[in-house]
Structure formats: structure tokens, C-alpha cells
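Going in written order, the chains are labelled A, B, C, D, E, F, G and H, and every chain counts its residues from 1.
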């Protein structure tokens, strides 16, 4: 991968933004013959404030909730023009635009069988508007609309399982990835692009601002999410689990303590135990545990 | 179940409407301490044309796509009023309002964990507006927007697996049922009502108008859907398959030939084979086949 | 002032959909009924009533003549019979 | 007339985000580099370039000094060093 | 300008009837405007369709309250409400029904034709869809449309067996009334 | 009416600075209006905040183009663009920076104070957040606000260790300028 | 060729002849027949187009947005709740200057839900930056679609156009329509040549964020183009007449019996047919009445309205929609037309009729003429049922 | 108690004192701080309420609809795209006569996307059947929420109310606000006693289909209630003054230096503060200028506007929104106010300023006064950057 013109310097993401890392890798992996439909959100704002654009490929932003539908229209137009076979279509957005307000448009896109890759940059909250909870915000996270307080220890609900929801549509390919594992991410994007039909990739992208860690902590944070089992990396093909990254599980506290958004939990073993259970369930469900090697 | 005042005579459904049967059974099973939020659709139109109402329980219709959200507001209000423990909340609508335009509101409701039963009356098309395809229209069905023609043998896409999508949310209870099996339906509604949290029941409801069969054919049609494996009856608890109605599978043709909407397929063994595959996959996936009894 | 359109169920008499029947109506034979209530359960109109064996009846003011009751009756104790012209229905 | 706001990438020079660096900047030691390209891959700005061993470099016009390159380098061949006050950055 | 009101139940083909009449008028160089009065009607519920026709394009868009002609596709509708409401003093009504149908009293100059259209249809088409027979009867009773023209319209609209049967039905409907008038 | 413009990078607390100034004015019976000039700014990008204050409620809602006072929270901003734009002829600028900071030429009656606010903060609060020290310096340089009042405001806003540290910082900032003026 | 044809079917025919490459719509009464017919044409191979069956109107509008952004001609249709659900996208399309053409089968809005005709749906989208033209009959509805594409794709315009036709009355009404021949359509409507599009051969970014430094000019540009479109409408109308021999004049208003008229109704859409009947009847009796039909509601042709009504003493504006808490939507434009003008009507009274399918009969129109007196009235609803106005709550 | 407080926080405080039982909202700049503060209050136990974090604005509005239908006081807030996305529900709530109160943090609409202030969002919902009142400063914004609940829940009204406040300028501006004491709030705003509600003890059906026989009267009723609300606003304003000692007069308009004024600006919202400054400066120089501030945009107070401006020779209407292809939304109301009236301004010119956060400075206002001459202008945008208007496409 070269310092290529598909995702250019000079955008205005926060320093160390995991989403910027991932978005660059996605378009670099997909290549120049790609058209992108982007939802409203940090990525859109930091890459395309008029009169600047970071995008070297044809790129469109319409609204917060409709990138999957706009992409569907693009794909249809390309078919009509006889160009679909040579051009990839990517729809992309944050976890909020994906799992909350845009879910229906995505579900429609999946159901209709468009040949589109949907990429979700999962920073686990509405960052562009100042760190409000989304459906993909993890349990007990402190955000501005799920504040920890006398009556609450943060976000009340578990993280919405959007990859599973997409897999339940029976589409050819669903994967999770992480900005902390760039090579794995690149492989998955390339694989997705090579498959015809609707694909969904959800990428865990640390957000220094919203997660409250230093800019240079992006990688350790991203990796620890995977290594604790809190962010399992897996692949589904046609609704069936077909791959997973195995780990030697670390205790969730290792992950939580790296971030300000979980600070309120650190003296609360009861809550930490609940979070450990989430990790344990993931480990069991996806078979994440690396068996001791002989 | 008595001729009770919860779903009253004098509504204007077509004679033999499967949805009317199912809706009556749902509210009779849930009982008088229930509040219903209903989407736009046949059920809404045929039960509540001013100044008449068929509903003996508190009932509200707002829009086509928001009954799950309206129900969420009702549930929240009941909690606020301290009345939630004694009152059931049901959100309901057709397959279109459920699996297409209302899916996001439902997903939100499931994700937030409201104590609500969502009942989907699946007549496999937009009936209220004149039989257009929905995401839940089966493969190859002839509808007004998926017409069979020189270039098409009806609906291009397989039926959207909404129960699986709901189950993927990890909610406590998901079930499919059929107007052709009233006792099974009643049991499932009662079971759902007894569980706290979000529940989803999808009920197969033949529509004489849209499926093009005689009014008095509702039961054979409904039953044959189940008996061919095309409409599997199953239950999921917390995302795990926990029950299914087993069958001695009949060939799908037995089902198709009962209905005008599949008439164009009857001399098309290639297409019928594809549909048989769908049934076979269901039979495998859900373990529907009744083992020969000794 | 004419407010939002709300209706109390007790004030709604319903449409007299019995007039929709044009061909057939259910006739309860009251012979082999086992009071299984399947007819009552399946009626889309909810216009069947009864508790005891051989004592189920239909409210023809509303019955649309769909025939589901007859179809489901395990004892074949309901027959669909020809609607007499000009008979009641709008009773 | 001022139409819809469209921009051709070739006409966009980008913001000079190098001016955002306030504390640290990456310094490539060019000693043990194995040209694994991890630094290039991880840079959120895409401002690292290079192909050959020990020949990777950063465009400080854009580098925000996040330190991810230094963190990921398997050979510890990148160091974050103090930003000299009034040094270039807006080059 | 002539105005026709058709009474039927949803699903009984009132709109088809209106459109067939419209086509026939159109073929004879008139300007028909055929339109339904859709309720939120389900199959079985009473509904209307209308035809307004003139030698010039019809601009009037309101429903028809004082029809010149009334066509009643389903005689059971007579039970429920007044299908003849507003019928012109010299209006004509065509009713699909058996001969023994009990009829309301009409005004002196109004005339009324009961046509066993369903029977005719059953015999010729195999299904009790009396619309084409009624159209034939309408043409005979009112003199508004030519039988040949009706047959042309049927030919365009239907094909194969249905065409054949409907042509027979339209003719029989026409003859039935002609005979009665004689 | 006095107008203050604060220059900082998103995330450096310009809004906190503005609000602390506002609180202080409020405590002294004035009517401040403190407001940000939000861009779609990410952490690190330059941004402004404003305070407009008067003895009567402030009604003017526009941004501040000709400030009486300018506070520059991050000296690296001086590289990029003109933070002194529109500064009144007799305006005062407070800059967070080291003493050796290279400064632009100002107009004759304008005055400029460089305060090592980050150092002060680091020493007292443990983090290089110079806002409170700058406020102290502002009070000293302009005579607009009383130190005691600033301390009251800090007391309300912060608690525990942060309170202590910030009180020290505000005092040191104040003293630093006072000393310089002397 | 002249056909006796249902309005919806006629629209589908003309849309087919425009050869849109992407069609997307979501069913809603009374728009359904149009889309069903198009689905049929695609399925039969008559029309080569991508027909995208979406899960909501929001997505229908988004799909055509995406298609149009690729430089392909697109089509959608909706009504009422559907139009409202896509409102965000509707504004968005205009701001992105995409030449989308939409049919709005006008219908009342909820609550209470009502599937019948009035014009509240498109009227309430009047700020969106779409040109809105209202058809009186199905011939116009058909022709306006051709004009809509031509106008929308004009390089000087690049705005979306909404063709509004009364639900049921036109969409489900069958009448005689001259369906434009393909050859003539080809002549009148050349292939769409986009000024900007998503194209990997020459990438652009579309839909960028505009901060306060840039935003306002984009709105000004929209407003200016709207104003200029007044002229383009007339131009294109002339060309339409050249090719098809049907003359819609300036396509802004139709003047009917305005000469010497003392009482004039201003109205829009199919009700104008009924009004014309009454006007003719009245004229036959020597009453000096007339009709000013608004064709283009956006841009609103103030100057033409002024010219047409400046010597008319009494004007009744008949709205089929309301702006709750204010003057009715057409009435307010007509009233303000005459502000500060030397000439003008003595009275502009505002009437509301036909909401939610309440039938507008000749008697309704007579009643409007009767109520149009020297005393100006506003907020005047015609054909109300007094017995319904009594209902009380909270007994 | 007087506090120096951010607008959003002040709104959260007053909403807390109104004790809504169900709160639901979806984040969108610049509404976010209000909702975040409420979330905090609920989490800390300060406010006993169900705070429902939804997946979209459409659902936020639907949740409060459902809550309100149960007879519970509810609250929501939004902006711009959020308001547009819930448009269908917004109309629905009014038709169902539910006394929902919403804060609209006014913001520009997309495309292009812009998060800054103008008033296009709420303005474009003006037909919806919501009472809309616009605050000039944060004291008003706070007080208007109390008034909103009181008005909405008045048995004679039963309409939703939208309190509009300029995004950032007010929502993110900190100033001195007298936060109403709980005791006084209790006195002014009694618990909500619904006329109709979903209640298993006494079931009703709500939201029924109304066919042409019934629909029109429901719209008439809405329109009538809107008109009557003009009176109720004044009434409630008086009671508010009794309890809180702040006098908003009739709550319809504010007259500022109108006596003898020769040039008057009509405007709405926070910009009126800036205009007042300029008016004072001008008056000090002997120039007879003034301001008419519209507070209630829906219902629009035609009679009051007439009274206020009937003797003013020149009026400039300053809109912070547009109706593309037509006169600006406030301008069109003001112009039509004077139709057929004996008295009235010679000139009503229409200006547009401050779109998408373009800063409105005193100079802007001076410019408006300058451009307000004997020659009426319309569609006049102030503060455009000429260099931006040249861009061409399709090189």
C-alpha cells in the first residue's frame, strides 16, 4: 500500500483517530475503481469540509441514515450503465448511522441483494455530536446520554449485535475487524470486495476523544478489546460462522482501565464482573480461546 | 375463549381473512389488560374506520412505520405511572410495517429491552395498498410490483428472515405461528406475554385477496405452508432455537397450486425446484422432519 | 369543537357485515358437536358464541359466510348452506 | 451561478494539519527499518511515504504527531521527539 | 352529458364495468371520464364507480349524485341502502338479478331492467361475473352504445376463451333487454 | 461594553475559560454573554470563544470582530493566523507562552502579556491546562475582575485537589502579570 | 396516440418513453398504479430500467438520489405520508442540484389517516427547492412529465421537479389522453448529459459540509435559479408546443374567462375543471366570473398573477390545503402578490375545500362565488358538516 | 434564581421543573446539550422520568407520542435534519391533539450539510398544526417552555407547542437567566389532566381512519383552535406575569421603538437583540427606526401585526429562512397582512440573512436599513460573498 491519493492528507480528524486509520485502509484495499456513499458522522465531517476533500475516489454524502440506500441507487445506476462489473460500491458510516438510524436502509440493501460492501466504523457512540450513546455503545459505558450517576453505572444496555443481525439476513459475507489489526482488516476488505452481493464489515475504531485515552494509545486500546474477548473478530459466510481470531483471553479490566469512559467502573467489581461475563460469553459463542499449544 | 368484547364483530376485513383470525386470537390470549399500538395496514383499516372500532382494549394507531416506537413510549409511560406490571403492551402490524418500513423502530425497541410483544401478521405483501411485494414476500411470488413477466418469474428475492433477525438481537423470545394452527398460536402468545422483555411473534396469515384463493381456503392454505416446510413454526429463546413444529414434509407444489399468486409457476419445474430447495433448507435448518415413528 | 377522532368501544356498534354474505351461510347442525370451540376460535369475525355442546350459534348480523367454522369443525357439525335471497342478514 | 458544492480531489490541497502538532513529532531513525510498511499503513493521516528500508519519511505539513507510527514500528525505528517551538510544521 | 353510477361490492368488477363502458364511448367518439369512488373497501364491501360522458372532454370532477343511469351489479345491495338515490326523473336502472327480485317503487318515467346477468355469465364464462352481460343490457336499455362496438371492446380487453364467453354474455344481456322491451 | 476573544484549539478549554470569565463578571453584577464559535472542530483544530459583557443585559448576538481583549490559549496558533485581528487600539492581549516567545508587532497603545500559564498549571494542577492561570493574568492585566472573585468562581467550579491547584494557578497568573506591570 | 386510459397508466407510459435508468418507489395509495405499471413494463422487458423495490420512501428517494448522482435519469413517485417520510431526502436532492423527477399523487395527510385527495402533501414541501407543477387533467399530467425532465436537466436549472396530480380523481380516473409518441419524445427530450456525476474516470466529492463561509450562497443560488425558471418554463412550453402541438402558454398560470371578470376563483389542479364548468354556466347567464389556474406553484409566478388579477375586483382563492394557524398556502401568495401594488382586487377571500376527499361539486363552487362578497373572508371552509363540529371531550 | 448559565442547561433545568414523565430525543447538534443535561439529571436521580434513548428522531417523536397518548406529560427536542426526519410524526401529533412540547434548536438544513443557525427547520414545519413561539434570549426560552406546557395542555387547546431558539447563539450561549423556582412552577403549571388517554380502565381507540365524511372537520377544528390560541396566549402570558413577574404582553409580538417609526424591521428570534442595539444607536442619532418582533409565528398574529405596522411607512422583513421559489416565510405573512387594508406601509421589502450561521452583525442590520428605500425589494440576500457566486459547472 502506497501513500496513495485515495485518502489524502489534510483531513481534520483528531490526532490518532482510529476511524481515520480504518477508513484509509478500507479505500486503499478496495482501490481506485470504487464509489463511496458516506453517512453523516465524524468521517464525513473530517474528510469533506468544503472546499476540501480527502477522497480520491468518487464520493457522496447525502444524509445520516441513508448511505446504504444511496449506494443501492449507485449500484443500480452502474448496472444500468453496464459498469457494475468493474466498479466497487462501498457504503460506510459510523456505528450510529449503521446500527441505529441507518439500520433499516442497510437491511433493505442486504435484502435486495445489492453488490455493495457496507463498512461500519464502530467507535461505539455518536462521536460527531459529542459522545452520546448509540445502540453499539458497550454496557456500562459512560457517555453524555448514558452518564454514570447515582442511579446508573453508565449505558444500561448491552452492545447491539449488528454483525449477527446482518448475518441473520443470510448474506454472503459478514466480518468484524479492528483498527488495531490492520493486516487482518485489509484481508477482510479484499475478500469482501471479491465476493458478489451484499457484504458487511464492522471495524472497531478507537476514538481518543470519546473513549478518553491519549492519541498514541489507539493501538493498545484496539488490541486489548480483541484480546479480552470484548470485541471478537470473526467472519460469517451465508449466515454461518466461518472464521475467528483466537486469543489468550486477558481480563476485561485490562481493557477498561485504558479508557476514561470506563473510569467509573474501576472500583466497582460487581459491574466489572458483568462485563467479564460478556467477554466470557463471546469467547464461548465464537470459540475464541486459543487452545494451549503442545 | 369466549365471544369476548376485545375484538368485536362488525369490522370490515375480507371474508376469511387470516389476519382477522390471528389478530383476534392474539388479543383474546393477551387479555383485557393490554394496550395495543397498531401500524397502518389492513388490520388498522378494517378495524377502526371512524366512527367504528373493533377494539375492546385501549388501542392506538399513529403511522405505518412507528408502532414499535409508539409502544415504547406507552411502556415508558406505564413504568412512569407505576402500572407496567399489570398491563401488557403489544405493538403490531403487517409484514410490510414490520420487516420493511418499521424494522428500524422494532430493532430499536428490541435493543432497548422494552417489555413489549411485537406481533407481525405476515400475509407476505402490502395488502392494504393492493398486493405489492414486501421484503417478506416469498421467492417467485406474483405481486403487482414483482409481476411475473417475460424477464421475471415473480419476486426476485427470497423471503426476508425477520424472525432470525429479531433472534439475532438476543431477545428472550421469538416465535413463528400460523392462523392455521390456532391453538399453537394461543400458546405462543400466552407464553410471550408471560416473559418480561421484548418478544417477537410472526404469524402466517393467508389473505384470500392477495394470495388469490377462496375465502374458505384459509385453513388448508395456512396449514400447507407449514406442512411443506415453507413456513416453519419455531421458537427462539435468547437467540437459541428452542422449539419447532415437526412435519412430514409435503412437496411445495401442494402449497403453490392452492393460490393464484403462484399460478404462473405451475408449468415451470425449474422454478418449483428452487422453491423446493427453500423448503428443504428450512427443514434442515430447523430440524422440521418428523422421524418415522416406530 | 371537533377534537381528535377517538372512539369508545362501547359506542361502536360495528358495520352490519352480515349483508356481505351473498352465497353461503353457516348452518349449525347441533348433532355431533363436542364443544371443542374450534369454530369460535377460528371465526375471523368473532361472531360465533356458545359454551355447551350443540349450543353454538352465529350472529348473522355480522357473519360474512367465509366458511372457516365449517371447515375447522372436527365433527362436521357445521354446514355451509345457500343464502336465501332476501333473507335476513341485516337483521 | 454557485451550484452544488462538488470538489475534485485534485483541486483540494487539504488543511495544513501539521500545525496541530503541539508537543511531539515522529523522528525516523533510519537504522533498523525493515520496510514492513506498518508505519505507512497505520498513519491516520496517510502522510508517511517510502518503499525501501530506512527510507521512510513523514510529511510534516500534515503529520499531527499522534505517535501511532512510532507505536507500531516493530523495529522501534521511529521515535517521538519534542516539537521545537516555532519550528516548521506549517512548512 | 350523461352520467352513470355503478353499484357493486369491492371485488365484483365495478371498475371493469366502468372502464368497458368508457372504452365503448371512446370508440364512438365520445369523451368519457370513468372513475371509482374508492372507499377503504375490502372485498365484499359496497362501493361505486362512475362514468360521465360527453361529446367534449369532461371537465367536471365531482362524483355523480344525479345519474342518468344506474347499474346495480349485486342485488343484495338493494337491502342495504338506496341505490337509486338521485336517479334522474327519466333515469334508467339496470339490475343484475333473478326475475323474481323484489323491487322498490320507482318514479313514473324511470325505467328498470332486471337482467339475470350472473346466470348468463355462469352459462357463458363459467363464473358468475355479470359485468359484460350488464353492459349489453345497458346498451339495449339506453340506446347509448352499439352492440358491435361493445363486442369490439370486449375483443380488445379479453382473449381466448374469456373473449368468446364474454362476447356471448354481452350479446345475451343485450338480447334479454331487447326482448323485454319488445 | 467589553468584548473578549479567546483563541485556542478544540479541546484546550476555551469554552471553560469563557465561562469562568463569564461567571466572574456575573458575580460582580455584570451581564456577560459567553459563547463559542463552534466550527465542526475536532480536537486540535483552532477555534474561538467569546465573552461580551456589559452592565445591562447584552443583546448583541454577533461574533466579536473588534475585541477589547484577546486571550491566546495556545501560542502555536500564532503561526497560523492573525489572532490580533481587530484588536482595539488600546486593546490588551494575554498569551499563554514561554518568555522567549516570538511576538508580532502590536500597535502603540495595545499591550501584550505573555504568561507561562501551562508551566504554572503543570506545577499546580499537574496538567498543562493554562486556562485558570490565564484568567488570573487577565484580571491583573485588565483590572476587569477582582482576584477574590475569581477564586470564588474557581471554588464553585472545581472541588478537591483540582480546586486547590486551580486557585494557586489563578493566583500565580495574577501575580505574574502584576509583577511584570510593576 | 389518443387512448382511453387510466391516469396512472398514462403516467407510466410517458415515464417509460423518458427511459429512466433507475426507478425506485414505495407503494402508497393513490400512487400505486403508476409504479405497478412500471414494474410490469420492466418485468415484461418493455422498459429497460433498474426497478428498485425499496423498504421505505426514505430509501426510494435516496435510491434515486444515488442514481441521479451517477448521471442517470431517474424516476420516483409517492403521496402523502410517503412524501413526508422522505422529506429530508427531498430537501437534500434539491440542495445537491439533482434533476430528479417525481410524481406526487396528491393525498391528505395524517392524523387522522385518510387516503383521499387534497394537496396538503406537496404543499407542505413547498420550501424544498423543487419546482412544483400541478396538472388539471391527465393529458397535462402526462405532458408535464416530459416538461419536467426537460426543465430539470436543463443546465441552467439543475433542479428537481415534482409533477403533482390529484389522487384518485386523476390517478384513478380514466379519460382520453394523447400518449406522446416515442419519436417525438426523443426529439423533445434529449438524453441527460450531467454536469457533474460520480465517475471513477473523473472523481468528485459531492455533498460536502458547508460552514457559514459557504452555505448561504448555495441557498441564494437555489432561489435565483427558481426565479429564472419562470422564464425557462415558458421557453420549454413553447418547444413542447412545437413538437407536440399542445400549447400550455407560459406554464405558469391559465387564464380562463378573465376578460372583464368581476369575480374570479384562483385554484390549482383538477378542481379547475369543475370550476370551468361552473364559470361557463355562469357566463351563459351573463355573470362575469372567471378562473385563474395556478400551474406552477413553485416558482410562484407573482408577476403573472398580478397581471391576470390586477383588474379583477373580487378574488376567491380556493385552497385544498391549509397552513394551520395562518392563511392558506395559495391565498397567502395571492394576497402578498398585491402588496404595494397600485392595481389589484378589492377583495381576496380565502376558502378551503375538498380536504381529505370531501367532494367538490359544482355546488361547492357556486357557494364560493356566493360567499365572495365585498367583505373579505379568510379561513373559510366550504362544505363543512355542522353536526360534526359539536363533539366535546372530557364529559 | 438568577444564574449565569448556558442556554441548553437552563432549558434542561426548566424542563426538569415541569416534571415530564417521558423524555425521548435523539442527539443532533445544537440540541445535544439540552438532552445530555436531562440524561444527567435522570441518572443522578434529580429528575424522576423515563429517559428513552432512541435510534432515530422518527422514533423519538413516536415515543413521546405514545407517552402523551397515555396521559403523561412528555418532552422532546431536536434540530434541522432531526425535525425533518420526524416530520410525519410531527404532523401526526398535532392531528391527534396531543400536548407534546418540543424544543427546536434552530439550525440550517441540508444539502449542503451545515450545523449552524438559521430557522429553516421549524419554519418548514409551519403547516403542521404546532404552535410555534420563538425566543429572543435564554430567559424567554426558559419561560416559554412553561408557557408551552400550560398552553398545550389547556383543555381548550390540546395542541403541541414548539419552542424555537436559535442554535448555538442561544443554546450554547451563557447568560444570566432567572431559573423559575419549583414552587412557582407548581403554581403556574398544574399536573396534566388529559381529556382522553389510553387506559385499560376505560378503553378508547385513537388514530382512526377518517374517510371523506369525517376528515375535513378535524382540520377545521385544528385551524379554529389555532386562531383561538391567539387569545389564550395572551391570557396565559398574564398569568405567567402574575406568578413570575415577567411580562411578555400578548406573547404574539414585541413592539420596540415603534412609536413614530418610519423604518421598521420585522424579525424573529435572537437576531432581534442585535436589531435592538442598532435601533437604539439609530434612535440616539434621531433616526426613527424600530423593530417588530414576531414571537408567535403559528398562530400568526395578523391583527397584531396590522396594528403595529399600519402607520409605518417602510417595513423590512428579515427572514432567516426561505421558501425557495417564493417570498420568504415571514415576509409573505406580513405582506398578506395588509392586503385589502386601508392603512399600511408603503413598502414591505424582504431580506434574507444569517443562513447557515452567516453571522448577522450590526452592520448587517445597518445594511438592511440602507436597502430599505422607497423601492420595494424582494428575494434580497444580505451579506452574500460575491466571489462565491461565480462558480461554474461543466467546464
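The rule is short, and it goes like this: a contact is a pair of C-beta atoms (placed from the backbone, for glycine too) under 8 Å apart; a residue touches a chain by one contact, two chains touch by 3 or more.
This is a predicted model, so every value here is computed, not measured.
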*asked:* Return the chains shared as contacts by subunit C and subunit G, ordered by label.
replied: B, E, H
*Using each chain's Cα centroid, which is most distant from the centroid of subunit F?*
E
*asked:* Please tell me the distance, in whole Å, between the geometric centres of subunit G and subunit H computed from their C-alpha atoms.
replied: 29
_Separation of mean Cα positions, subunit F and subunit B [Å, integer]_ = 64
*Where subunit B and subunit H are represented by their mean Cα positions, the distance between them in whole Å*: 43
*Distance-wise, how many Å sit between the C-alpha centres of subunit E and subunit G, to the nearest whole number?*
34
*What residues in subunit A touch two or more of the other chains?*
12-13, 15, 17, 44-45, 48-51, 53, 55-56, 61-63, 65, 100-101, 103-104, 107-108, 111-112, 135
*Would you give the residues of subunit H that are in contact with at least 2 other chains, written as numbers and ranges?*
53, 55-56, 81, 85, 88, 92, 95-96, 110-113, 116, 158, 195-196, 203-211, 214, 217-218, 220-221, 224, 359, 388-389, 393
*Residues within subunit D bordering two or more other chains*: 1-7, 9, 17, 20-21, 64
*Under the touch definition given earlier, write down the residues of subunit E that touch subunit G in their complex.*
18-19, 22-23, 25-26, 31-36, 38, 40, 57-63, 65
*Residues of subunit H touching subunit G in their complex?*
81, 84-85, 87-88, 91-96, 108-114, 116, 120, 123-124, 126-129, 131-132, 155, 158, 195-196, 207-224, 226-227, 229, 298-300, 302, 321-327, 329, 331-333, 335-336, 338-340, 345-348, 352, 355-359, 376, 379, 381, 383-385, 388-389, 393-394
*asked:* Help me check something: in the complex, which residues belonging to subunit B touch subunit E?
replied: 12-15, 17, 42, 45-46, 49, 208-209
*Any idea which subunit G residues touch subunit D in the complex?*
95-98, 158, 195-196, 202-208, 210, 214, 217-218, 220-221, 224-225
*Give every residue of subunit F touching subunit D within the complex, in rising order.*
9, 44-45, 74-76, 79-80, 98, 101-102
